[in-house]
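A, B, C, D and E are the chain letters, set down in written order, and residue numbers restart from 1 in every chain.
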Amino acid sequence: MKFLNKIVSFYYREYKLNLSGLQDILTNIIFFFISIFIFIFSIGPDRETISLIGVGILWTLLLLSSTLSLRKFYQDDFENGNLLITHLNGFSFGFIAILKTFSHFLFVQIPFLLSIPIACILLNIVNDKLIYLFISFSIGSLILSCLGSISSSMNLMNQRNFLLGSVIVMIFSIPVIIFSVGIINMEENFNSLINILFGILLIVFAINPWASGLCLKLSLENN
Amino acid sequence: MKFLNKIVSFYYREYKLNLSGLQDILTNIIFFFISIFIFIFSIGPDRETISLIGVGILWTLLLLSSTLSLRKFYQDDFENGNLLITHLNGFSFGFIAILKTFSHFLFVQIPFLLSIPIACILLNIVNDKLIYLFISFSIGSLILSCLGSISSSMNLMNQRNFLLGSVIVMIFSIPVIIFSVGIINMEENFNSLINILFGILLIVFAINPWASGLCLKLSLENN
Amino acid sequence: MILVKDLSIERSNKTIFNNVNLSLGSGNIILLKGKNGSGKTTLLKTIVNIIDPSSGSIYWKGKPLKKNLYDFYNHTTYIADKTSSLSKLTVQDNIKIWKKIFLSKINNSQIESILKTLKLDNYLNQKVSSLSFGETKKLEFLRLIIEDKKIWILDEPLSSLDDESIDIIGQTFQDHRSKEGSIIFSSHQNSDIGVTEEIRL
Amino acid sequence: MILVKDLSIERSNKTIFNNVNLSLGSGNIILLKGKNGSGKTTLLKTIVNIIDPSSGSIYWKGKPLKKNLYDFYNHTTYIADKTSSLSKLTVQDNIKIWKKIFLSKINNSQIESILKTLKLDNYLNQKVSSLSFGETKKLEFLRLIIEDKKIWILDEPLSSLDDESIDIIGQTFQDHRSKEGSIIFSSHQNSDIGVTEEIRL
Amino acid sequence: MMFLINPNKFNKAADFLIKPILVLSIILFSLGLLFSFYLSPEDYQQGSTVRIMYVHVPSAWLALLTYAIMTLYSIAALAFRIPFGFIINTAVAPIGGIFTLICIISGSFWGKPMWGTWWVWDARLTSVAILFIIYLVIIFMNLSFENRVVREKVVAIFVLVGSINLPIVKFSVDWWNTLHQPATISKLSKPNIDPSMMIPLIIMTFAFAMIGLVIAILRIKTEIISRKSNLG
């Protein structure tokens, strides 16, 4: 009970923090929409092509904008000592990683997921695909959050080369992207593909607390 | 002479900060190419489609990279007091803004511009467009640097209305980019279009030191 | 309750200190002294298990610390030499957040009275980033009251404070001691704050 | 050389201080004292023209400061209450950068000897982020030597330093004074560091 | 064979072997150049551009081989706690990266006359490009992580995960219908390639391998030294 309460208050804190960083989220979303406009303009008014590549574009933009927010993942908490406080407050580093991953999903990815319907209208993606899109996007963005957690905790130990973490995330997300784009275009065996995606999610989800936790501990030790 | 020397050492410092060597520039470039890969993976290997949206992809990535680095623009220097030191070292705030904008252009945008020719090979963009592309990209990225300077200096003030302001500045980049994307596809009146782009550059370039300088001064005052 | 035995620490192959022993019982106030770079912060961090010692061991209630870590954390407040309040939020918001995350049972009037003694009551709606250095530091001490733990581990709590505030902190230390609490803190200053033991590094 | 006349400052409609007067001539060492939040940092920031005063004026060499700002900056080193060294870089890199940006004519052997007296010579290749709090603070003082200016404006230079380092700083202050330099600094501590005037806020 | 997993033994073996290998590599390389530029025939379809093959194919093979070696050593290092594996990873990655780069560049120069473009997004080319990026990331990880113990583990894990890409590179031509030349030599029983091209190819492959080996030995030796003095 006490533990549950602590988790709730953890999210209260995250909420307060993210709200004050509203600008970052807005910047991400604006980036997202500007990019969509860019594509629409560069392709021209040919609606066929747009809807053909729309899903791919959405996926790429999802990935890119989650790299945009990677720096926020642990960096701030690490620098102002709140990572340590949270640990001393009774959360193991692995568990902090899980909490933070969800928080990233909640406060960064969800706003995106919500803007997907609008993006679909712009990109002329037919309505009956929307539900597939949504499911695959939710799973995919959770995967991205997990990968992001790992790479940005690694980045704490490597304060010089910030982009390296993002590059690693992106390499690992290539298979995810291939599968997820495939899902939309192969409606018949939707289920088996989504299962694969789900499998990937489970794997990264299991690795995440272990890997991120280790990196967090080491980076605090060396600070 | 002394002043010139100081400018040189300003860039020495920026260099040390931004790039702890060649590897950082290279990581930047890798990031760029991986993003291209991801686009290709999600869109599919069809050469026609790729060359159709190739320019769009490049612009999106340019936008992404400058959004990614927005936070580095003034935030770090502001927080660790180096903004103040630079000012006390004899640079007015407006001039600091100019220097910083160029530094952003140098260390963030230039690596991109340099990798554009290779990217064009990968994206199957025909050679004779390359020169147009290059010109419009150079101007466009300078515009983005100026807008980035304004918006991230506004962001320093950390007050709700200014947060919104910085987002609005971001929105200004929409017409610029859309316009520049258009340039490539309208080769006939390239010259007149590039002149318009150049005009926009001059305007933001003139506003930048004034607006950013003011924001920097105010944010230091209220810190 | 805390027992440190023959603790040695190396970092990047440099020995920082060797064979430190200390024991912190209830009602003790231990002052760590030493030159800059002598390893005070390192020692305190080792006690809260952020840094692994090269040799030696730490016990909590007779058991090795690592075995019993979260129970130890449950009884400990650690305040580092940097402040942890969120500078973008107001003082009030920070207090609210602390109250939530530490599941504090302190009621508001108590907090108000403490804020008043610390002279922070006028700044409730001010952003932490615009507080003076000392005020941020004093704000940090609120955590001691909000967390309400037995053991306080404080890194340079007295630096940058005016004499009046130091007296208030000293008062708080004595209160805590009379409630069987224990404190270990580092400082460069000599103030008579009721220290029961002094350890030099 | 610096003359502050009837300076008052308000922030967010709160008066922080009223009618402060001071004059800093060559060879003067002024100590600012006052409680936490009394406005010491604010006063120093006003003197270096980061904060605009609500009323009153500041003169530099007889002329209003604003008219003559960059000449003033040319003669002034300001060290704030936060450190400005870049924590990702090593001590050596930081020194190198400072030497470049301040166009310093100090040669390396001089810097080495200062590093030795400050006991920082062993840390040249260590990242600033892994230095102890006091060591970072001492590193900051190198700027005084590297910049080599007439007027030093220092915000709480003595906090978190051990007695030995404080003595060294005191020595440096006296040296500077004998070279007709002037210093204004704030502190909560009472150390006999050769202060010529004390101002209470 | 202990010299393959023990730094000290490796050092001794390397001191003994390095000169012969160096000599051998010089001989093989000049021989290979001679063969591929003067003694081998032009292809009736491709003309003299076929000579690119003698650079392209060996470098491609060695790029793959290097990664395979790194994978094996990563397994050894992680599963059997043989720290020599970490040394190999650090030392050998740049060599593999350079081979991959040579493969890509020579392939592009070959592709321009053959396919009409420098680059197409077919499965083999894409997977090789990813291989190159994986090499680069490994190199940069080695350069930029500060904590050596963590860095080595992270790199080794990354090498292992990245090895999924290896079979994709190798078999992409069989699995998918691609533009790229299918394997010709792998069918050992009956190579459908002319012996006059086969000989220079094999000589060049060995020459490349020997050159790579010389650089690798030197890099491994410096790596061992820097680990001992704890500089890295």
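Everything below uses one rule, namely that contacts are C-beta pairs under 8 Å (C-beta built on N, C-alpha and C of every residue); 3 or more make two chains touch, one makes a residue touch a chain.
Since we're looking at a predicted model, the values are computed, not measured.
Undergrad: Common contacts of subunit A and subunit C?
TA: Where subunit A and subunit C share a partner, that partner set is B, D.
Undergrad: Counting C-beta pairs in contact, which comes out ahead: B-D or B-C?
TA: It is B-D, judged by the count of C-beta pairs in contact.
Undergrad: What's the chain with its C-alpha centre farthest out from subunit C?
TA: E
Undergrad: Would you mind checking which chain's C-alpha centre is most distant from the centre of subunit D?
TA: Most remote chain from subunit D, centroid-wise, comes out as E.
Undergrad: If you fit subunit C onto subunit D using only Cα atoms, how far does it have to rotate, to the nearest 5°?
TA: 180
Undergrad: Cα centroid separation between subunit D and subunit E, in whole Å?
TA: 58
Undergrad: From the mean C-alpha coordinate of subunit C to that of subunit D, what's the distance rounded to whole Å?
TA: 29
Undergrad: Using CA atom averages as chain centres, what separation in Å is found between subunit A and subunit E?
TA: Centre separation, subunit A to subunit E: 35 Å.
Undergrad: Using the touch rule from the top of the page, what residues of subunit B touch 2 or more other chains?
TA: 20, 23, 27, 30, 34, 37
Undergrad: At least two other chains touched by the same residue of subunit C: list those residues.
TA: Residue numbers touching two or more other chains: 88, 130.
Undergrad: What positions in subunit E touch 2 or more of the other chains?
TA: Residue numbers touching two or more other chains: 130, 133, 137, 140, 143-144.
Undergrad: Can you work out from the touch definition every pair of chains that touches here?
TA: So, checking each combination of chains, I get A-B, A-C, A-D, A-E, B-C, B-D, B-E, C-D as the touching pairs.
Undergrad: Can you check the complex and tell me which residues of subunit B touch subunit C?
TA: Listed in rising order, the residues are 158, 222-223.
Undergrad: What part of subunit E is in contact with subunit B in the complex they form?
TA: So the residues of subunit E touching subunit B come out as 108, 117-122, 126, 129-130, 133, 136-137, 140, 143-144.
Undergrad: Considering the complex alone, what residue numbers of subunit C touch subunit D?
TA: 11-12, 34-37, 41, 81, 119, 122, 126, 130-135, 137-138, 156, 159-165, 188-189
Undergrad: Report the residues of subunit B in contact with subunit D in the complex, numbered from low to high.
TA: 2, 5-6, 9-10, 12-13, 16-17, 80-82, 84-90, 220-221
Undergrad: Name, in rising order, each residue of subunit A that touches subunit D in their complex.
TA: 159-160, 222-223
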